[in-house]
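The letters A, B, C and D name the chains in turn, as written, and every chain counts its residues from 1.
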Amino acid sequence: MRKTIRCLLVYLVLCIGISTAFSQGLTPPSNVTAMDTPNDDGSSITIKWEAAPERSSISGYQILRRIAGGGLEEIGALLPAGTTTYVDSSIEKGSAYAYVVRAVTETEATVDSEETAPAKGTGELFHTGKIPLFIAMILFSAGIVWNIYYARSGKEIFVRRIPGLEAVDEAIGRATEMGRSILYSLGLGRVEEVPTIASMTILGQVARRTADYETPLHVPCRDPIVTNVVREVVRTSYLDEGRPDAYNEDNIFFLTESQFAYAAGVAGIMTREKPAAIFLQGQFFAESLILAETGNSIGAIQIAGTDSEHQLPFFIASCDYTLIGEELYAASAYLSREPMLLGSLRGQDWGKFLIFVLMILGVVLELAGVNWITTLLQRVS
Amino acid sequence: MDRRFVYILVALAVIIPMLFRVNLPVSVSEPTQKLYDYIEALPSDSTIILAFDYGPSSLAELNPMAKSLLRQCFDNDVRVIALTLYPDGTTLASTLIQEIAEEKGAVDGEDYVFLGFRPGATQVILGMGSDISSVFETDYSGKATTEIPMMKDITNYAQISLLIDLASGSSTEVWITYANVQYNLQIAAGVTGVIISQMYPYLQTGQLVGLISGILGAAEYERLIDVPAKGMLWINIESFVHLLIVGLVVAGNIIFFNQRRREE
Amino acid sequence: MRRQVPLILCFVFGIVMIFTQFSPHSVSQTLYQEVISWALIISPFALVLATTTLIQTHVTRIRRRTEHWQYSFLVFVGIITMVVIGVPFGPQNQVFEWFYTHVQVPMDATMFSLLAFFIASAAYRAFRARTFEASLLLITALIVMMGNVPVGDLIWNTVLSWLPLEDGASGARQWILNNPNLSARRGIILGVSLGVISQSIRIILGIERTYLGGGD
Amino acid sequence: MELFGIWVAALLTLCIYSFLYQDNPFYRFAEHLYVGISVGYGIVLSIHQGLIPFAFKPFWAAVTGESLIGLVKLIPIGVGLLFFARLSPGHTWLIRYPIAILIGFGSGVAIPNVLRANIFEQTRGTIEPFAAMHAGTLSGWGVFEAVLMVVGVVCTLTYFFFSVEHRGPVKWLSKVGIAFLMIGFGSAFGNTVMGRVALLIQRADFLLGDWLNLIS
């Protein structure tokens, strides 16, 4: 008797449940699929289903899953209505899971979808979303390497005219005419830093000219090691020009390590010696202002060059010529004819050209309503 | 004219307005507003990271921002994980956070945590992408990170709603390059005057969700959260110094062009 | 041993880091995380380099009695004070924090504030609109400077009150930053990034070896 | 102690400002002390927040057998220790090993990430407004700005083309590029002024307020 009553009760509850569900237009979530999440390490399965019609009273979805042979268990919190995907990242690798999506209404009535086919999480070896990135990387690398070998094989690589560099002769000529000296500062960089190395190449060229014209060249340094290397560079230049007698080691000297004291020291030399031309090439920090200002106040021709972006505005405003960022590297590649630098320079130009083409093409295509390029460049994670 | 004369003018342009307070209205720029709105829209109990990537040399511009941001977060029940990639900023950050936490009654370990400093910026950022506690095993005071109440549900960037980088150098670019694209972490920045201009390309692409620009941005933010402090005070004094500098540039150029005309 | 092994190490670590980023598989991800943790462990040791260079410089200064060599002792006084307190008692020690707050912080903050004076002086003596480029730069700088302070809008709104545009100074600043500045910076970012990538490629492939320093 | 601290800070601040008159012993005193203290602070932080958690703790866990996986960590710790070879003149070349690993690691992670964050994203950002233009959601002014952006980026990039002679159309593009660059640098100039002045104001606030109590 008891058993019958219980059965009846259960039946009744079920009827009420189902009928309320249907009376509210509750249909089970359709087209439910479960599959391995693409492009991950295999630690998740993605479940997708179709959104319920707008007018239905569904307030959320609950995901249930079953490990082969086990029972259904709820996973995660209730998902808001309108959700159509869920990534289950609490799976164990290698096990197969089947999923059920349960729609829940505001009155807490529920209806389940059909159970999906079991799915496994597998890790992918290659992220397919990153193919454009991979191709771009390979292309660019190949471009750089090819150009470096091209330059190494002795073929000529053209570097455009750099106005600041062309002014070097003019500046040295003027100093010679006026019978004044030339001052060259390599900034605060250490010997291994790229702008310092670039600056040394330029200094080598300047020294050749001063050797020819017999113009005194002063190089106050901030780093003892830089001082030694610079002495070597300048001496070689004087030797190459056949003027070892004109080389004066005392003109290339270590001033001080401290940033502002260095600036004050160089400014002092400027006001005492009144050089006709001043070169500020290399890595500069906040002291750039003091140097450029003093040089300006004594009326010298000033040629600056740095890749320190923050100092460029001040150099441009107070010097006669300024090598801007990459121009400094280009200048040193041009002067040194070092294949690695020249090759990279041209390889990077190829990269720029490619960006150039992508941009113009992208703009034209977007205007025509085609978004291939933007899709290609899209962010993937 | 001796340059020391100019120095005295600058000193006076700072000291005089400081003794007599001036108060001019500040209008709020779009990038600042965006960051403010973003934080306002965060549900309570979400967590953000505040990176103090600066040393004492930039405290004038960045401390006021840090204070306003902490005030806003604590008021909105947004939890804050603070850390630094600059060793010089560690004690500075730790004292500043304690000051604002005391003011707002925020509790260490529940409303905020200061993780301290770890060397190797790129590695730290990437390491936190998989597991924050693998990089910061303990917080600054030595408590195990995994045992801190607010860190219980936080493993990596996936649980972080926003990272705000207070930067005096290139750290924002590093965060963008390694945490934004790779881990999809939303990033905003508060920066010193020197680097404001170079942040704009990232704002347009959405790689930065907002930007506080130097002392001006700090003043704007103080206006947004309606707690006027140093930022508001100092931007007004800035007015006088900027007027002086603009005047000096114009005067210098007039003299220069007059001279050149006479020489010709 | 001296050149080949470092070049190989550099190549291997570089290639591993590149390819693990393209492969989401758990094996490569474990490798990726392991390499990151290695880099994390090695990086604090680099401190030795920076410190020894500085100490050596000052020792040489004292030994050679170069100008103002006496001050080098002060550098050591500073280092020793901080290390003696900080290393055994930790950075949260009160005395250590006192030295930081009342000695390091004020000097660090003051050092760069000197630049406000230098800029003002250079503004009068050196910033000249001598070419078209410099003029463009200076005019932009003046607009941004005025847009950066509330007095800019005050002047605009009083002097140019007949214009339909309010708060023009800060508006102009914002427009400049958002448009021409953005384009120029983007150009620079693209160029510099290509430079960074090209350098990284050269380093990994062993074409660029400057990081090895001199010697054999 | 706090008041004493403020006095110390104020006097050191004044020592540094004395440089504005000329280089002098007070400035040199403060500067060298500053270098020493800040280097000392850096050493302490790197030891307590770097070496101890990353090297010492895992090392200890490994040797005490607490964590056997920790044994793997002994390799990077050993590599890191090679930095100390800097102290022995005959073995300096050994520091190339850790440097090569760090540089290889850095270059490897940089390539894909810089490519994505700075080149892909920035290129996409330049094109994207034109999608809005096609959809007709861009105002007339917005169209102008979008076109201006592409022109600016393309011209700035052209200026940094080095393997092509700047003649004819290339010359004009690069001229426009330099104009954009100058506006960009001008805005940086204006913003830098704001930054440097703020540092000075903060110091004045400290001297007049915290030290002399002249402002309320």
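Throughout what follows, a contact is a pair of C-beta atoms (placed from the backbone, for glycine too) under 8 Å apart; a residue touches a chain by one contact, two chains touch by 3 or more.
Treat the numbers as computed from the prediction; the structure is a model and nothing was measured.
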Contact-count maximum falls on chain pair C-D
Just how far, in Å, is the C-alpha centre of chain D from the one of chain B? 14
Averaged over CA atoms, how far is the centre of chain A from the centre of chain D? Could you give it in whole Å? 14
CA centroid of chain A to CA centroid of chain B, Å: 22
Just curious, how far off is chain D from chain C if you go by their C-alpha centres, in Å? 3
In chain B, the residues touching two or more other chains are 7, 10-11, 57-60, 88, 90, 118-120, 122-123, 126, 140, 181-182, 194, 196-198, 201, 204, 214, 216, 238, 241-242, 245
Two or more other chains are touched by the chain A residues 130, 133, 137, 140, 260, 309-310, 313-314, 316-317, 325-326, 352, 355, 379
Which chain D residues touch at least two other chains? 19-20, 28, 31-32, 35, 38, 41-42, 45-46, 49-50, 54, 105-106, 109-116, 118-119, 121-126, 128, 153, 157, 160, 181-182, 184-189, 191-194, 196-197, 199-200, 202-203
So with touch defined the way it is at the top, what topology do the chains form here? Options are line, ring, star, complete, other. complete
For the complex, give me every residue of chain B touching chain A. 181-184, 194-195, 198
Touching chain A in the complex: which residues of chain D? 19, 22-23, 28, 31-32, 35, 111-112, 115-116, 119-121, 123-124, 126-128, 130-131, 133-134, 150, 153-154, 157-158, 160-166, 181-182, 185-186, 188-189, 192
Give every residue of chain A touching chain C within the complex, in rising order. 39-43, 93, 123-127, 130, 133-134, 137, 140-141, 144-145, 148, 192, 197, 224, 254, 256-257, 260, 286, 289-290, 292-293, 296-297, 309, 313-314, 316-318, 320, 325-326, 329, 340, 344, 347-348, 351-352, 355
So in the complex, the part of chain B that touches chain C is made up of which residues? 1, 3, 6-7, 9-11, 24-27, 29-30, 55-60, 88, 90-92, 94-95, 118-120, 122-124, 126-127, 130, 134-135, 140-141, 182, 196-198, 200-201, 204, 214, 216, 235-236, 238-246, 248-253, 256
Partner chain D, residues of chain C touching it in the complex: 2-3, 5-7, 9-18, 21-22, 34-35, 37-52, 54, 68, 71-72, 74-83, 86-87, 90-91, 96, 98-117, 119, 133-134, 136-145, 147-149, 173, 176-191, 193-194, 196-197, 199-201, 203-204, 211-213, 215
